[in-house]
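One chain, subunit A, links the two complexes that follow: it is found with subunit B in the first and with subunit C in the second.
Right after this comes the complex of A and B.
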């Protein structure tokens, strides 16, 4: 099946077995970790996108990033919600009470917002990855995961349309804008590669047909990125050196600062109704 | 037709309740007053996004975080709508935003007060959005078509903000003792800026007479303030919040609320740039504008706004 966003074939889960309503107990730990990585990525991107809300460089993009922020936070809530159904605390408690070493996001998503060019590039790189992953997850043997992926991918398509339109408009225009976009891409690239760092136990989930192999998605994503950015006149770095560790809970100081802000008030009284 | 005849015709249309549309003849003073008014309203939406927007990273929990993003997004959308309504009178948006950041065009004083606690977000959402709804519901009956239509859409969205603000206030005032204290403290501070929101008493207001005759401002400041008091005071008392005006009382016969006048000297000080947050808010808006200049330059050839593919 052709992926409408990337033009590349989607990667189907490894096996073709009957849909699972409940995940096998021996895979529960790995599944929760995988979902946490998905949730944490979206949570942080939503938080960062909302740093443009009310502060956007033009009104139209202020509004666009606010919409994407709400979408990403909504997705995070769905992934935390699936974990909640597997016995974890409520989405609020997962997002607002966990310390940095317990976060499994790729470091790309925790980096400071940066300028508008950096936000646009980060969003686009992530959305291309996310759509690819969601397309593959629609074939998950664990039905709740397949259902959620089906629901979420529509929104990611709108994000891609937005990113593509602005990227091409800006990169094909003045040197000033193209230079800022290229600088952002160069800086973010090693972090973006690490979107595909697998969580511990991913291989078992792949074997059970619950998730696609990150290593199989990565080259498809990379090809799509190269096509899209080069069409806009930007050069994708050749490097394969990824800043990994995020999926194992290793993070930079940006995440600690972000969480101190995001969780501070909630943690001032986690038992209170806010 | 002579200008006098045109003016008579124009005033007759307004008296009949007709709407004035962008291409119609209008007195220059009508045009300039409307631009001033709509521009200030648009500015207020844009500046109002700052104090609330700055609380988004700290919002406690998914529900509040997402609702606050949506709310501030609405405010920015309102600014966009209103600048467009003002543009129909011949003034381009970039010129209006430049006047805002260089301080030559005003915005609502309330956004020059600090929002130091989470309860301030509740107060802005309830008291100030509630006041804005009173004002906008009246203004949408005004004579200029595009402004009225923009306001109808805005008021519809503001109703959600008011609900959200009220829900926040109720959550805090029925919460822990720390939450209740924070709520009362914020309320006490916001009472006076809210009383000032509708502007000085009618006898001191410089703009009102001609604005009323031309259907630009259908009700006076005092009338609007009274509508707000009628709506809000009973709810405030019902929630058990203490109003910092000890002289507040309701006239048994007329049903009108009598208030202690807020410090109107402070009002004029703030409007002339010397409020607690004027410099900081404008400096931030200026910084955003400067940092976004490359983007506006790059988008200039596309300002005909080709749709996303």
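Right after this comes the complex of A and C.
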């Protein structure tokens, strides 16, 4: 069992840094990439979650996934917004006018929603990672990033409350439910590990106290995942083989299909006023 | 609240106080008994001559009502006689449900919406064992807005809007909504 306190020490932000109002110019490229990875993860998960609207297995879950979709899209807008302030196009243009090779999401988030078990497992694996990352980012030396992380972190507790409740209820229920959850976990695991693939230039941002090292967060997350899934009676794969590439713009066919569906309307008239 | 020099011509005296007073007429479209001021989303009002800047902060970051409130705030201040109105969205300090005014909480109850309990505060530390457990909610269940009984239970952490959860009252056997603590 990993000691969360030990994990905390490894990801605690440097305390001897000075707060930055503007990021150093030489770090701008890396910072924009890091923010893009955050934004793209949220945008795609929001889109996939929204696919359950009207189709949820029960009304409560229809509502839950629709609400989580709204939350994730809200988070994406904030991250794209920070990039906009750094000189990038508007959040809408970032989300709807980029082709697959320009997306820096982890591939976990682009995968088809699959069955309900797969969506539940993906959401929970990602939420645990997001909470850890946000927690660490609240100590960022770049104030706008710290402010945003503090804001978004508050909202995560409802996602975790939901994920944990359903994971435990279903995994401890009928064998079929347990088997579906285990199958989803086995399939998604290599993709989930790649949440922690760093973007190019992350090390420079870490050295400047702007972001936490992904490599330091990964084992804390893994320990949390093991604790929680095993409590529900599921087995977390031992593998460390991650399906990386997403943070470098390498994606599967699922992203191309997703973008066609998500961006089609906007691209038909990018200047339209909604 | 930022105080600013008022250089408006005689007869038109815009001040942060008059702007705030006027903004009490702008309601949350999803909770029409609560104004944006009572909700605590107005972070600051700055008046510079005839130009007014209002800084607001989102409740939940994905709240679709935010842009509606933004437009209504702009229209409201323009109607007050401002020449130019800017509504900025800021995140510092982050909104918390503890900011909701006491009178507004009473009005929420009157429409069957349980007001949020005090938001749980955690020290800055990554301690995963402190994360909310499904079987050990971090906040006590709210009193039923209909019968005030405390025998209520969380049915779903998500409700008809992203700021609401669904509860059930075992005393009067009514489902009800709660504005989530944040």
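Definition applied: the second predicted complex is superposed on the first by the 261 of 274 C-alpha atoms of A that agree within 3 Å, B and C clash if a C-alpha of one lies under 4 Å from a C-alpha of the other, contacts with A are read in each partner's own complex, and residues count from 1 in each chain.
In this text, a residue touches a chain if its C-beta (ideal position, glycine included) is under 8 Å from a C-beta of that chain, and two chains touch if they have at least 3 such contacts.
Being a predicted model, the structure only gives us computed values, none of them experimental.
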| item | value |
| --- | --- |
| First, second, both or neither for A:264, with subunit B first and subunit C second | first |
| A:250 touches, of subunit B and subunit C: first, second, both or neither? | neither |
| Partner chain(s) touched by A:177 [first = subunit B, second = subunit C, both, neither] | first |
| Touched partner set for A:186, first subunit B, second subunit C, both or neither | neither |
| A:204 touches, of subunit B and subunit C: first, second, both or neither? | neither |
| First (subunit B), second (subunit C), both or neither touched by A:50 | first |
| Partner chain(s) touched by A:74 [first = subunit B, second = subunit C, both, neither] | both |
| Which superposed partner A:227 touches (first subunit B, second subunit C, both, neither) | second |
| Touching partner for A:88 - first (subunit B), second (subunit C), both, neither | neither |
| Footprint overlap on subunit A, comparing subunit B with subunit C | 60, 63, 66-67, 70, 73-74, 77, 161-162, 164-165 |
| Complex contacts: residues of subunit B adjacent to subunit A | 46, 49-50, 52-54, 56-62, 64-66, 69-70, 72-73, 75-77, 79-80, 83, 118, 171, 175-176, 178-179, 284, 288, 291-292, 294-299, 301-302, 306, 308-309 |
| Parts of subunit A lying in touch with subunit C, wherever the complex brings them together | 4-5, 7-8, 11, 60, 63-64, 66-68, 70-75, 77-78, 128, 131-132, 135-136, 138-139, 143-144, 147-148, 150-152, 154-155, 157-158, 160-162, 164-165, 168, 220, 223-224, 227 |
| Interface residues, subunit A side, partner subunit B - complex | 47, 50-51, 53-63, 66-67, 69-70, 73-74, 77, 91-92, 95-96, 115-116, 161-162, 164-165, 169-170, 173-174, 176-177, 180, 258, 261-262, 264-266, 269, 272-274 |
| Subunit A contact footprint on subunit C (complex, rising order) | 58, 60-64, 91-92, 94-96, 119, 124-129, 131-134, 137-138, 155-162, 165-166, 180, 182 |
